[in-house]
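Note that chain A is present in both complexes that follow, paired respectively with chain B and with chain C.
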Partner chain A sequence: MRKILAVIFLNFIQGLRERIFLGVVFFFIFLLGLTFFLSILSVGESAAVTRSAGLSAMEISGLFLVIFGFTFSFYNDKTSRMIEVYLTFFSRYVYTAGKLCSFLLIAFFYLILAGIFWVIILIINGAFFWQSWLGILSIFLKLSIALSLNLLFSCLFSSPIFALLCTLFIYASGEIASQALKAVIIYFKSPISLALFKTLKYILPNLDKIDLKYQLAYAQVPNANFLVSMFFYTFCYCLFLWILSTRIFIINRS
Partner chain B sequence: MFKRFQLPLIGFIVFFSALYFSSRLEKSSAQLKVKKIFYVPPYSYINTISGSFKVSVADIFYIRAILSVAEEEKEYLDYILSNLRLAVELDPRLTSAYIIGGIVAPRGKEEIPQGIQFLKEGMMRSPLEWKIPFWVAFNYFQLEDYLKAGEYYKIASLLPDAPRYLKGLTAWSYYKAGKSDLGALFLEGMLDSVNDPGLLKSMERKVEWLKNIVFLEKKVAEFKNIFGQWPKELNELVDKGLIKEIPKDPFGKGYYLDDRWYDQRYAGKVRSRF
Partner chain C sequence: MQSQEVIVSIQELSKTFGTFRALEKINLSINAGEIFGILGLNAAGKTTLLRCVVNFLKPEEGTIFFKSNTLTDSAIHNAFGYLPEDFHPPLNLSAEELLTFLGSSLDSKLPPKTCLEWVGLSKEKSKKIKTYSRGMIQRLGLAIALLKDPQVIILDEPILGLDLAGQRHIFVLLKELNLKGKTIILSTHIFPYIEKFCHRIGVIHKGKLRFTGSIEDFLSQQNTASLEEAFLKEVKVEV
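And then the complex of A and B:
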């Protein structure tokens, strides 16, 4: 455990020092400014727009931060031979777990920081309610899945571009899979293809199911059961991806 | 010496050349008279690709419609309604879209039926939202179809969370044409259903518009009592000192007196030019 904490600490500090972090913070401030002006334009719905656009801005900027930050850091370790230093002191499991957790911590830190700015805008527009923070939790869970996917692809591919693009595309397909598959199923009526599409739907991350943007835009709070299910779904999915990634990492290293 | 200023000088010339060509491009593109394309993507595509960002995407189309409300071209109403239709399909709780599409966007009586159609579609999507039939009733009221107005007023009053005053006002809608004082009361009651200050302002304009009509009709009746005949124009009220000036029409293009003074239904009625 202490070893994992050491890797987390090292990567967390390094991650915050990177220019990507600062760049994403500025990008978020720009998006938040846009949100503020959008709320002025959206007559009659300014509260809902401030909430939903703010959450969307946080999710998009957070996604850029974790994907670019993680890919850059992971491949930088490889090219600078830093990975050899890590693996001399820590096991491969500790390395991948530490790397993943450190970026989860960076994502969490970023979301808290962005959340503070967002809450200020909500208060200015009279759209704040204390459960708004649940939106940040939902985004954190989604970013956790994105990070785990990134870890998997980073372990799988030797090219950072491949890892980055694969993560982005799988994330996007996780967002739109349920709607897109519903449309596709109409054309394939055989039970085999239906079963195939259903399996595909469950294999892909069900990001639309762990999203709270719609409910929170209208100040609706989901029940505790739903929140607990969301948390356990994300935990199991990330744990599975971490185990798979580590196995691939071990095979590749040996 | 020259070499020192060579590069900044070239930079200066290039920069101002770019400004010059930019202004030329602007002028020549204005001459091209490019036809505006009123395109709104189909719901099925947008619904599929928007994923969990549906609310934000719906907001974009909603704002797109609001930004077009001020445009003068006739095609714009269809464009506004298509954008709003897409917005409410993506996010059925976007009730403000209905007041924009059904009440604010249609200008003039000839456009109101399109607003009514849009609101009726909304009633199918959100059957428990009392505000939508309420706005349909308001539009029928503007069209002077009081029977239909009463019908939708009644529907609204029976839905959950409908304010109490709706029930009391239902009967008033069944009154016949020319009851502008009732219309003003009807609208004032409607103001309670609007929470947003921006929307409230635009609705208050309509209340002001109707109240001016009530005021002018009272003065026209006063004119008839004093002089024994209907005035031919509203200016006569000013000439005879009954009013200082004809109030400014905040909604239409000016008030005028219905010239069918020989018909009991229209005698002394003040209208607004759309």
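And then the complex of A and C:
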């Protein structure tokens, strides 16, 4: 545990000092400004727009932060030969776990920071309600899956661009694939195609299932069972991806 | 400080990258407390050999022993210090932060302050690494390698990019560490330092270990008085 904490703090401090962190904070403030003006223009739906657009701004900026930050950090460790030094201190499992957890911590820290700005806008617009923070939680869970995917592709590919693009594509498909595949499956009669699409549906992350933006925009609060299942799903998905990534990382040693 | 006890033993080690045979059946024993220099031209296999020893690369064949037991990750994490070639630490941290974080993962360690004092970086310990010169970065790499108070220190081109004063400082430090009982395995192209500081050498060429032994034996084998000339003769490079 002490070794994992060492990797976490090492990467957390580094990550916060990178220019990308500051850049993303400014980008979010810009998006939040847009949200504010959008809410003024949306007469009658002002509160819903502030909630929904604010959460979307947080998600987009958070996604940029974790994916660019993580990919840069992971590949920088390789090119700078720092990974060789780290692996004389920690095992490969500790390294990948620490790296993943450190960026989860960065995402969490960023979302708290962004959440404070968002809540201020919500209060100004009279759109604040106590359960709003569940939206931040759902974004954190989605970013956790994005980070785990990024870890997998970073371990799999030697090119950072490839890892970055694959993560973004899978993340985007995770947002829309579930509904799209449901529709596609209806039209396929062949059992092979059906099995293929069903497998794809289960393998791709069901990000729409852990997205609370729409519900919270209209101040609808999901029940506790749903929240627990969201947590459980994300935890299992991330755990599976971490184990898979580390196995690939070990195999790639040769 | 040399002893006859073998601390690291490499047996029949082979490593291939695609179709390129980087190492071929390397057999090598390093005695406890010696400074062992690995000589070779570029792409001879020196770095690959050192990377296999620290378990960063997995060899296809062969075994590495540490004190007569098969070398494990745990032994590397506890007893091996390593400075890779052309190493670049995280630029946004200070030397003190980097050593403190890395040190917090260790059961027994030297205080970061002591390591930084040894390498002459105590005055700059709070400065961000991005303000460091190449020489200071190499010294920081050495401080990291010393952090766990290792029994074996492996250095890949430790004086790469250093000026004469920096080179001298590193080798004097290595000699001091050796006198404290540390076994040092290093690869370098700077022959005068090898002649002056190494107890034994290994000459590696095209993935094969061509010679292992004392510098005197190598010179008499090649029938010359200069290590540089003897090396060039061994690898058949005409000057």
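By definition in this document, the second predicted complex is superposed on the first by the 249 of 254 C-alpha atoms of A that agree within 3 Å, B and C clash if a C-alpha of one lies under 4 Å from a C-alpha of the other, contacts with A are read in each partner's own complex, and residues count from 1 in each chain.
Going forward, a residue touches a chain if its C-beta (ideal position, glycine included) is under 8 Å from a C-beta of that chain, and two chains touch if they have at least 3 such contacts.
Please read these numbers as outputs of a predicted model, since none were measured by experiment.
**Student:** After lining both complexes up on chain A, report clash or fit for chain B versus chain C.
**Tutor:** Fit - chain B and chain C, as placed by superposing on chain A, sit side by side.
**Student:** Touching A:85, do we find chain B (first), chain C (second), both, or neither?
**Tutor:** Touch partner of A:85: chain C, not chain B.
**Student:** Once both structures sit on chain A, report the angle chain B, chain A, chain C from C-alpha centres, rounded to the nearest 10 degrees.
**Tutor:** For this superposition the angle at chain A equals 150 degrees.
**Student:** Figure out whether A:183 sits in contact with chain B (first) or chain C (second), or with both, or with neither.
**Tutor:** first
**Student:** So, does A:52 touch the first partner chain B, the second partner chain C, both, or neither?
**Tutor:** first
**Student:** Just to be sure I read the superposition right, which of the two partners does A:218 touch: chain B = first, chain C = second, or both, or neither?
**Tutor:** So A:218 only meets chain B here.
**Student:** In the overlaid three-chain picture, find the nearest pair of C-alpha atoms across chain B and chain C and give that distance in Å.
**Tutor:** Minimum C-alpha separation, chain B to chain C, in the superposed model is 34 Å.
**Student:** Report the residues of chain B in contact with chain A in the complex, numbered from low to high.
**Tutor:** Going through chain B, the ones touching chain A are 44, 47-56, 59, 62-63, 66-67, 91, 93-97, 99-100, 194-196, 198-199.
**Student:** Would you pull the chain A residues touching chain C in the complex into a rising list?
**Tutor:** Where chain A meets chain C, its residues are 2-3, 5-7, 9-10, 13-14, 17-18, 79-82, 84-85, 87-91, 253-254.
**Student:** Which residues of chain C touch chain A once you look at their complex with the stated criterion?
**Tutor:** Residue positions touching the partner: 51, 54-58, 60, 73, 76-77, 80-90, 92-93, 97-98, 101-102, 104-106, 141, 144, 148.
**Student:** Residue numbers of chain A touching chain B in their complex, please.
**Tutor:** So the residues of chain A in touch with chain B come to 38, 41-46, 48-49, 52-53, 56, 172, 175-176, 179-180, 183, 207-208, 211, 213-214, 217-218.
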